[in-house]
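Got some structures for you, see below.
Okay, so subunit A shows up in both of these, paired with subunit B first and subunit C after.
Coming up: the complex of A and B.
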């Protein structure tokens, strides 16, 4: 558009951001930073201003912070019209209008979709309705669960031992509550980090007094006369009395509102190019619809152009910034979103961080520290190169391994490092579960075909 | 120019302003003159090498020290000498991690999140007392009368040295610190003897204090370090001594320079000084900018690759001595806009002044608070302060760089 229309857009255009959370807010701030002076509308289904989620499964559950005080810090004024508490219900791409659930319609010149994900609910609706059954995703979820933990339940059952489930279990133990964790896979975190690291996580649970049950499913939740949950039944025939259940089975992408719009949106998210422009259902890239954050699915050059969909805090920020930049740029000035995935968690007093895509790894080598001490760095290898790394209480080395991933350095690393121990002399199989066997939703979903390698390496996990 | 540049950096005549030399050095990002150390001077290279697990801080891995003028220098706040086991500053994981973790337990989060903040009152009291006693406002030596006594008194409180012993402690600390800063005119054998004696006396004193704290624990760091926690979390007495010596030396040698460099810089930028007087909260970003602009630790002379490594196409052989010139990285125009400009209002300020990676400054939270409080109080209370001599006389030490004296004059001291 070298005809001045871009200048016009910047001066007097209309940009609508659907999704008023981390990605939406950072996108809006970046737009204003880049000199966008037109009308900016922020649409969010929750009644709250953008807030931060990581504290919800950590400080809030420990009673060290309240869910009401997790508002995201603002980088700058964004001078937006806020439409909070009203979900978007549809999109007319031809007329360039977003439909709202209250019947209103908002026209746009450029649209940013950052609707994120929601917690996967307990599949049995009646059981999910029982008093005492929670999911943890929103501010209200966090406040409600924290209140219930304050009341001192006799036993909490956490279903699913991914990162969120493990953090909830950790918080319960820190509060001195009895907690059972039921995990369909063989170990906690196994979907994201594999069985070698999962075994370490399992030890952490057990040493901290969690009743960890792996390889089982919860088949039924049972309520008492007052409609309050009182027990759970397991696939191994056992029953557990519990008065709080937290369903932690991963997330679902918020794309239903786009059904029939013609945009390439579905259960796996919204496919977009590396510049954050959404694809339509024909696989043709749009010029005016951009996506960012948990709901986006974009090809990553470093990982064989596979479409990565990342539920990572840092990805939401970086992708929003790139999308906003590209929204206001000529095609030749657009930038690709080539953020190296990075993730952190905090549980049982241990700081866990990862970079790259560990779940692509077939082998792992403990290059520093030791699993027994739970202070270590594990490096993941895929086809002879370093593809990911994880640290337990060892994160200050992570930057180095991130550079190794960026440089497609060889695996196993051919050099010695400080703190190399006996069990770090050679790689071992990383022990990821067979992707055809469902577990809870993993943190990273890999899907799609790469131009270089037409095999689909992983199918997304489902419940 | 590159020829002999390391010599020039160490040459005392360039102490007041080494920055043009660093600029020259950055033209050869991996500098090596054939026999000496490999010198790294750009921001991004230093930043990634500080996180590189192929680099060791343990001198045992050093095989090539020929031509390294700092090879025997204790540098970066060491100075514990062979009588004691090396402090965690000079160790690699896992020993480093174990000792640093144990030391951190009574010092910072997660176990002691309020230790430093809880000392605000103490800090304020010491700062006020020192300013009250500055005497003749017409001639103040800010180093001797303020910047030096302040952190030593602070370390005493932190460790739990009884008030009545503080003067003795100060005197040992002064002597040991002087040994780190060689005076080329003094008799080296005599200096060594005096320093060694002071170390012995300080060591004996600390050992006695530790013994006493084992019996009667107080709410101080020595008591908690002596008590130990958990099965593998106990320090031997020797480890405890070398750790306390490290805290003492590193904890005050650097803060003195941070405060003095800070006041010098403020006096050279009267507009910023005036702003600080009006807005004491400016002290927070101001100290960060100071750590970039005039870092107390100019370079880290003790890193050694465990294997041949390649930096910018240059192979640095295993066992070589490496210098990471933090102060040069902090003025790298590829990283900071107008790097030679002192600008406490800059937004992008990820400096290298406190290092990075596992050896990043242990005492940073305390050093920051000390400098913030000291500078904002000096700005508030000194009336119309001016430098008597610019540049002031510098200390000999090129690694722990700072003025030996900072003589100023002012019209009066506000209450």
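Coming up: the complex of A and C.
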């Protein structure tokens, strides 16, 4: 903007951030780092300052930290006006105003949307309301569930064996609680890592004393006279007595507040360009609305320019930084968000990490270690190239495979790798479920125009 | 004092668990658990852990860090 409007924006502009969590906070810090001196407003529907979610299913459930003590450290002072405990309820793009549920309106010159996702609730509302039925997404959820686990329930039922569900089951076992896990797919983690790795995860559950039931659905939750959950009914006709149920069926994007605004926002998130600028419903990129974090969906050149939607901590941080940078930059100085997806999870004492997009992989090869030892590296191949990798207690290899993904290295890897065992000599099918058969929902979804892409985000009608 | 560990970066080298065992602990062979809000009495030890982490994965609140003084200077926040 040669007319100096960018300087003016930096000096006295108004930037509004909707969603005061990880992505929102890191964006705000980056804006101040880049010399933004104007008014910064942080809008968040939760009454708390930004806190960290990953500990909620790990340290907090293990009793090693409390949910109230997970506030995120600040990289710097951000001197913001905080509007906490009030949701944004609408957006007027023409007038550049965010509407709040309390009737207020906040004007902006640049808007940053980081409203993330929320836990998919149990579809039957009356059953979801039963005392003892939880989801795990927020600090309040974490505090409530931790309290209930402290009270020593007789049996916990976890519905859905994705990363969060598996971590919850693991924490229960570590605390000596009886736990049943019900998963509609054939194994835990299949949606994200495929059946070959899912089989390893299933063994881990069972060896640690989890009553794992796969290929089965929970059809009904039953309450006792006092409104407390007391049993669950399964699609195979069986019934389970349980006094705590954790519904862990994936997430829904927080985009409803944008309905009718003209922004390209829907159940799959908010589409944006690689520079984090949101698309409007006409498919035209906006100049003043940016998005980052779990709610965003952006094209990635390494993955065929398909729109990736990631529910990953590191993505929220990196995308927020890029969005903030671009918000204050001339178009020629803008940067693309081309972060290689990376994720970690910790369950049953095993450190699981992945890079790239394993769920795009059609084949997998165990290049280091062995599955039987629970210490290995699995590399995913797609159309003759390395597309992702996963490690179980083998994280020091990950960086190497990240470079391979970035370099679009051939698959199967042509080099002999150290520590390769008999079961890793050849690539085998990665065994991802048919995308039309829902599991709890993966932490990565792809969408886009590529004809090779058959993967669709499946949004179950009811559960 | 608030802190967060970027576990994508963390390589499980355990230096932090050695230097500040009341705040950081290994969980299994290479997983790390930490207290996201450590006692302020741990400030000096945490500052040492921040400085010693070979991949600079530990981020401590800027205000807490300023209070920790010198030790902080060598261990700036990741991604800064």
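Keep this in mind: the second predicted complex is superposed on the first by the 449 of 463 C-alpha atoms of A that agree within 3 Å, B and C clash if a C-alpha of one lies under 4 Å from a C-alpha of the other, contacts with A are read in each partner's own complex, and residues count from 1 in each chain.
Please note the rule applied: a contact is a pair of C-beta atoms (placed from the backbone, for glycine too) under 8 Å apart; a residue touches a chain by one contact, two chains touch by 3 or more.
Note that the structure is predicted; figures quoted are calculated from it, not measured.
Of the two partner chains placed around the shared chain by superposition, subunit C is the only one that A:73 touches, whereas subunit B remains out of contact. Once the two complexes are laid over each other on the shared chain, residue contacts for A:52 go to subunit C alone; subunit B is not touched.
Applying the stated contact rule after C-alpha superposition, one finds that A:343 touches subunit C and leaves subunit B untouched.
When both complexes are overlaid on chain A, the residue A:400 reaches subunit B alone and has no touch with subunit C.
By the touch criterion defined above, A:416 reaches subunit B but does not reach subunit C. Contact with subunit B, but none with subunit C, is seen for A:369 once the two complexes are overlaid on the shared chain. Which of subunit B and subunit C touches more residues of subunit A: that partner is C. In the superposition on chain A, contact of A:62 is made with subunit C only, not with subunit B. Touched by subunit B in one complex and by subunit C in the other are residues 349, 375, 396 of subunit A. Subunit A meets subunit B in the complex at residues 349, 367-370, 373, 375, 377, 396-400, 403, 415-419. The residues of subunit C lying in touch with subunit A in their complex are 1-4, 6-8, 11-12, 25, 27-31, 33-37, 59-64, 77, 79-80.
Subunit A meets subunit C in the complex at residues 52, 54-55, 58-59, 62, 64-65, 69-77, 313-314, 317-318, 321, 342-344, 346, 348-351, 353, 375, 393, 395-396. Per the touch definition, subunit B reaches subunit A in the complex via residues 48, 51-56, 92-94, 97, 110, 306-307, 309, 356-358, 360.
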